[in-house]
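First chain A sits with chain B, and in the next complex the same chain sits with chain C.
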Partner chain A sequence: MSNFASSALSFIYIGILMMLSAELPTMLLSLLLLLCLWNLLLANKGLTRPAMLATNLLAAALLAVLFITVNLKQSVLLFVIMLLQASILKLLQAESAKQQQTVIVLTFFSISTVFLYQQSLYSTLLVGVFFVTLTIALASLNGLPTTRLAMRKSIYSLCIAVPLAALMLVFVPKMPAFWQLPGANTAKTGLNERVDPFDIASLAKSDELVFRAEFNDDQAAPPYYWRAMLHTSFDGKAWVKEKAPAYERQNIDWPAYTGSAQIYLEKSANPWLYTLGDGVSPAADVRNINDGLLLRQDPSASNFKYPLRYRPQLPAALSQYEYRYYTQLPLQGNPLARNLAKRLLAKSDNVDAFISELYEHYRYQGFTYTLTPTPITGSNSLDIFLTQTQRGFCGHYASVSAFMMRSVGIPARLVSGYLGGENVGDSNYLSVYQYDAHAWVEYHDGEQWQRFDATSVVAPERLNGSLSQVDQLQQEFRANLDLGLLQLSGFKSLNWLRIQLEKIDYRWTKWVLGFDQEKQNNFLKELLGSQFAQYSMALVVIGIALVLFVILILSSRHRKVQLTFSAKQLAKLFNAADNSSLLSPEQLTPVAQLNYLATHTPRLKTQMEQISRFYIQATYEQKPLTKKQRSEFRKVVNKSIKIIG
Partner chain B sequence: MQEKLKQLTLGLADVIYGKEQQIKLALCAMLSRGHLLLEDLPGMGKTTLSHGLAQTLGMSYQRIQFTSDLLPADILGASIFNTKEHKFTFHKGPIFSQIVLADEINRAGPKTQSALLEAMEEGCVSIDSERYTLPEPFFVIATQNPQHQSGTFPLPESQLDRFFMRLSLGFPPADAEKLLIKGLGPQRHKSIEPIISCTELQQMQNHVDNISIANTVVDYILALVTLTRHDRDITHPLSPRASIALAQGAKAWAFLEGRDYVMPEDVQAVFSSICEHRVNPHDNYSQASVCDDILRRVKVPL
Partner chain C sequence: MTALLRKAFAPLHHQLQDWLLRDKHKTTSLTLGHSTVYVLPSKLGFGFILVAALNFILAANYQNNLVQLSSYLMLVLVLMSLIQSYANIKGLQLQFKEVASGYANQERTYRLSLANQQRNSYAIQLQWQGSTTLVEKVEDSSQDVSIQGGKQARGYYKVPRLKVFSTYPFGLAKVWSYLDANADYYVYPAPQPHNHGLSKQALDDSPQQNSGALSQSGNDEFDGLKEHKQLADYRRISWKHFAKREQLLVKEFITEADGAYVVDFEKFPGDVENRLSLMAYSIEQAQIQHMPIAVALPGLILACNNSDEHYLKALRALALYKKRGSHHE
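Let's turn to the complex of A and B:
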């Protein structure tokens, strides 16, 4: 049985490592996986376990690898890996049932570390599977003879735990954390502070969710350009994010912001937030900064939501300083691009005409949209793109366009963010994934900032929805994606399945992960009526205490009458025999009592022998009765009761 | 293994007549790695039994006759100055053998008694800050005369608790005694062939450890032990060491019965021997009757 527990624990740790594989360094990951496999081998072949000295050396080596491969600043990751290492090494050593119980206790913590990095519905389900496996292992260590019995017991206890957990989620007062480690600095993003598309050969994008937007009205219409940050200076090769610190906006005219949405952000360590056009947010931990952008007060790695108010960008004149700021370029470099811009400007006399000339140029001069562009190295990369390769994605077009505008004195800046999002069915929310990352240009036409997106002429389909929905690019898009359900979205049924799962995940995020203090307060207010609202927490605490008290009483009473199947059968028989005063007056053991009945009441002899065989097998030998034996047992007991009666 | 066991009981029955139950209990103590206390009048065959056990099991055997002037060094051994090598060399005492018969243990003083009892508990002795491990398996059979005889130092409760079992042989049945009188009994100097080896005994001990014990039986043991702790007639209730011994003894008994699971009957069979010397009833009860009373009062759980 202890072999079973050991193998189950190995599988759990392999599962945890796979779930955290994106966070762990490859070397460490493979070492830990090897240790798990080794333990699996030891458990199943019954080999001797490594000596204390060997394990200690192994632990030291693993620690050394840990400190070499993981940055010391990532304290959370460091602690998580140390916990995993310690537990896996302990598992490798654990021989007796007691040692394995220790590892099981540790594993309850190890499993929970997954939630530091993933909180989606699927990871929760997977973690649930781990917990069931773990409790099965625990039950089997505690002497439940078969795995099936252990599984039944484990699932039974989980079924009790789920409503309890739901109750706690809804009613237990939510409190701020007493202390906090610095956030897990590991969340990934499709956005980068530096836009340098030219040396990328293949844009491998992930299908990770970035955020969901739930619109409170129906005034929003595609295309959805989610602005995240501005890149305002060109360093000769790449567009770089504004270095100057952002300043808070004062005197916000709230009623003017007519658009309204709720954003559910996935795990992220980045400070920037997403907005449509000019956006503000009344949330306390969101900073409303210049250019209608939003920043997070405290970027830590947990799910986050904020209300968004937005409106189109309004006319605003540029100051002298701003004009110079938005037209500055390096003195040298990319002469062909500068020339082309000059020629286009010569054809037109104002800014609007120049913009349409630029669109025309992209449209008719053989430019194509691709996720696998030819990499361009060396200086003057913009020239090479414009005149030779002419294949690229949004980053290429945005970089070149902004450069050309600035070279002829039109104020321009690069914006990065996300374009589109997937609208599932008829729901009013959008899911935006990492592969929706986009870059475009904003130029100032003398009155206000205007959007310029060359992708709209090179690949107009891209504007209508998510990248996953653009037919023309689908082959290329899928080939670039990590393996996942989305890759198979060509099959109708699988796509349907994907969309259903997506809907469930949305509800999970909204109702479970997003159930915060505010929602809880509102819920309790509705439940209790507003006059009791101020006592709501006290009421809840008293209520929960009452529930726990009742459970305690019920369970202690339950334990007294708990009898196994065979014990019940025997009790039934002895009761009947006692009523007919056939039992021995002395205090005898159950088997001796059966023998006494057999010798003193000869008509019961065969039945008693059979009963004592079944009883010994079930109770003392601890070999569970088969279904057939159980029914036979019951039959023979009933028959003897009939004979007695 | 069961075959060997049968031979062993038969061989021992040849050595001491008419005492099958006591032989079985003594074997039970050996299989449980516990020490044995034989309490009886002189001349009842205590020495014969321990002698027979040692020889049938093929183990080294030493007998120590306890007297009031016996000193710890007489049991454990002593460091003696070697004039040729100019250093102390340790001379092992009689305790360095696998079976030690401590005859009439209650005739020696408390200091000597505790020297033996410490070795029993630890499995090793320390002399001059040097540790010496005792041979494996290590088994002590102590005999004592009934407490009321003159010139005895009774063992205190704490030391009695270290003995796994206490047995009294009692008078032999009439027909067995008849054989003894006729001189047809076992000759004192007749050599007995070893029936099992030390390694076989250790295998059996390991097998006993692995015998499974069902929850109901554990509950039964607990109920028995708990009763002594709540009974007003008992001033000295059973310790956890006693309950562990009960479980272990019941396992060994089940093994002797040829089963690999424990039944409440096994617990009842060993209960008196294991618990009699550990309970301390009020004056007007005898230890034996208290144990019988406990067995009678506790209902065996279903």
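Let's turn to the complex of A and C:
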């Protein structure tokens, strides 16, 4: 029995480690996996467990590896890994049922830490399986005669407990955070504060969801340029994010922001949020900063949602200082790009004309869009791209264009964010994935900031929707994607499946993960009326007490008397006979009763004799009825019942 | 520290428990129901609740609904465990059988039978005298169970309370009850093998009886007896000297156990316990051989006899010697 628990725990920890594999350093991950496998071996081969000293040394070694491989600033990750290490080592030592029970209880905490990093429906289902397995393991360590019974009891208990817990989640008033805790860092964003596309040979893209946008109006139309951050200085090689701290916007003219959307952000440790054009948010934990961007007050690991108000035009004014700031370039480098810009400017007499010349240049000079560009190393990378390779993705075009604009005195900056998003099956929301990451340019034409995106001429389809939907690039796109359902989107049925799963996940995110204090308040007020909403806690307590009481009553019922097959058949027959008042008024034995029926109701005579024979055989002669006899028995009884009534 | 506290409060604890339990459990047969069963989360259950609380704090601070759900789920599981534990043990019938008397070097065995007419009970644990026995399944037909207790010093004991408990199904809740059977048993001194002879203590030898005893011989035990006979002759000489010291005894002895082999406290060496052990051995051997013996303890003489009751009486006398009146709990 204890074997089952120990093996189950090994598998659970392997599962947890795999789910957190993206967060853990490879070395630590493989070490911990090895320990789990070791324990699996110990549990099933009955080998001796390592001595206390050995385990302590192992613990020290693991701690050393942990502190070498994990950044100390990632306090939550450190904590999670230490918890996992301690639990796995404890598991390795646990010999007796009592020790294993302790590990199981600890594991109920370990599985919760997975939710700090993953909250998708599928992860939740997986953790749910862990939960069930843990309860089975607990029961199996508790002297139950069979693991089967342990399973039955666990599943029965959870079938009742899960709805109750869900009820509590809905009705028990939510608590605000007690303490400010550090967030669980995740560095998986497709965006980077430094845009340096030139030494990338292949843009590996992830199909991880970044956020979903639910539009509350119908004025939104593609292309959707989701702005996240600005890169305002060029260091000779890459465009980097502004170092100066952002300042809070004052006196926001709310009515001017006519667009409205609700953004459901997947968990992310990044401070930046996403907006269409110039955006603001009334949410308290969102900072509205200059240039129409949004920052998150306290980036932590949890999922996050915020209302967004937006308008297409960007803040316009440009001070003298800002003009200088947005036209700064290193004095040296990339002479060909500077020359080309000068030539293009010479052909045109104003900013607009220059921009069209630049578009024309990209369109007709053999530039192509690719996710697998030729890597360019060394200095003057912009020149090499412009004149030699001419193949690149958004980052290449944006970098070169902004550089050329600045070189001729047009204020310009790089914007990174996401382009498009997938509109799944006519829903009113967009799903934006990591592979939709995009970079483009904003330039100031003297009156206001304008968008410049060379992708619109090099790969125009890219503007209308997600990268996954651009036919021309699909082959290349799939080749660059980690294996996933999206990669198989060429198959119609699989694509359909992908879309259905995506829809389910959307609802999951919106209704389960996004069920916050505000939503709860609204829900309770709507359900109970505003004056009774405060009593929801009492409602829960009463509700749970009631359910538990019912369970108590139900489980206190006496054992059912198991009727044999023939007794059941007879009961059926006598019931029917009783209804037609054919039964003897006296208390008789079953056989005597059958005789009574045979003599007093002649039309039943043959059947009663037959039934009597069967009954005597099964009950008194200890000869079990064969299958054939059983069905005959049943037939005769049914026939008799028909005759009776 | 806690041990010290526990020791200090032990009498109070006992009194409190007695008062709480009243006389509900003072019976030899008990069917467990709501008035005789006690339910609380187990130690593991409290640990489980602690982890649930940790999860709750984690959930509140990260505003994480899934962790919150897991925390609530754990809490509900504990509550359900309380109910299921109780429902599992309800209707369990305990029928005290016996705790057999025996020697001090043997372990006591508590025998009882279990049944449950209402439903199957699983994972029932019986705790008695510090040792625990697990019964995996109790059905409607009654089932005999014996629990091996520890060894005890000689004496007369009331049967200590039996604790019946279960942590079914998950080990998170503990239900328990007691069976305080009103029965007693004796623990006889541990027999200690020896070669000291039994003296035939009488003023005149009666050869018939002697040969009668010897005629049953034919094994090792009675080789010893022959030796004793020689010793007996020797002892007869010093008899008066002995009689002066224990006058009363001698008189009784002479009148009641005339001409019998006597297992005599005074004839054995060593301290009281040692002598009792040696006597117990002699009585045990005599019982095996159905040899009539008389037993002499300071202040008590049992006349020569070879009935089973007689041996029993003798052993009880040894068990109680200088312990009379002091019942062990």
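The working rule: the second predicted complex is superposed on the first by the 522 of 645 C-alpha atoms of A that agree within 3 Å, B and C clash if a C-alpha of one lies under 4 Å from a C-alpha of the other, contacts with A are read in each partner's own complex, and residues count from 1 in each chain.
By definition in this document, contacts are C-beta pairs under 8 Å (C-beta built on N, C-alpha and C of every residue); 3 or more make two chains touch, one makes a residue touch a chain.
Since the model is a prediction, treat every value here as computed from it, not as a measurement.
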* First, second, both or neither for A:168, with chain B first and chain C second -> second
* Thinking of the overlay built on chain A, is A:586 touched by chain B (first), by chain C (second), by both, or by neither? -> first
* Determine, under the contact definition given at the top, whether A:102 touches first (chain B), second (chain C), both, or neither. => second
* Regarding the shared-chain residue A:125, is it in contact with chain B (first), chain C (second), both, or neither? -> neither
* Asked: For A:116, is the partner it touches chain B (first), chain C (second), both, or none of the two (neither)?
  -> second
* **Per-residue touch tally on chain A - higher for chain B or for chain C** => C
* Based on the superposed arrangement, let me know which partner A:551 touches: chain B (first), chain C (second), both, or neither? => second
* To do: Give one of first, second, both or neither to describe whether A:501 is in contact with chain B, with chain C, with both, or with none.
  => neither
* **Footprint overlap on chain A, comparing chain B with chain C** => 143
* Asked: chain A touches which residues of chain B in the complex?
  -> 212, 214-217, 261-265, 268, 295-302
* Residues on chain C engaged by chain A in the complex (per definition of touch) -> 44, 47-48, 51-52, 54-55, 57-77, 79-81, 83-84, 86-87, 90-91, 117-120, 122-123, 125, 134, 136-137, 140, 167-172
* Complex contact set, residues of chain A against chain C -> 101-102, 105-106, 108-109, 111-113, 115-116, 119, 124, 127, 131, 135, 138-139, 141-145, 149-150, 153-154, 157-158, 160-162, 164-166, 168-169, 172, 174-179, 181, 184, 300-302, 512-513, 515-516, 544, 548, 551-552, 555-559
* **Residues of chain A that touch chain B when the two form their complex** => 143, 563, 567, 570-571, 586-592, 616, 619-622
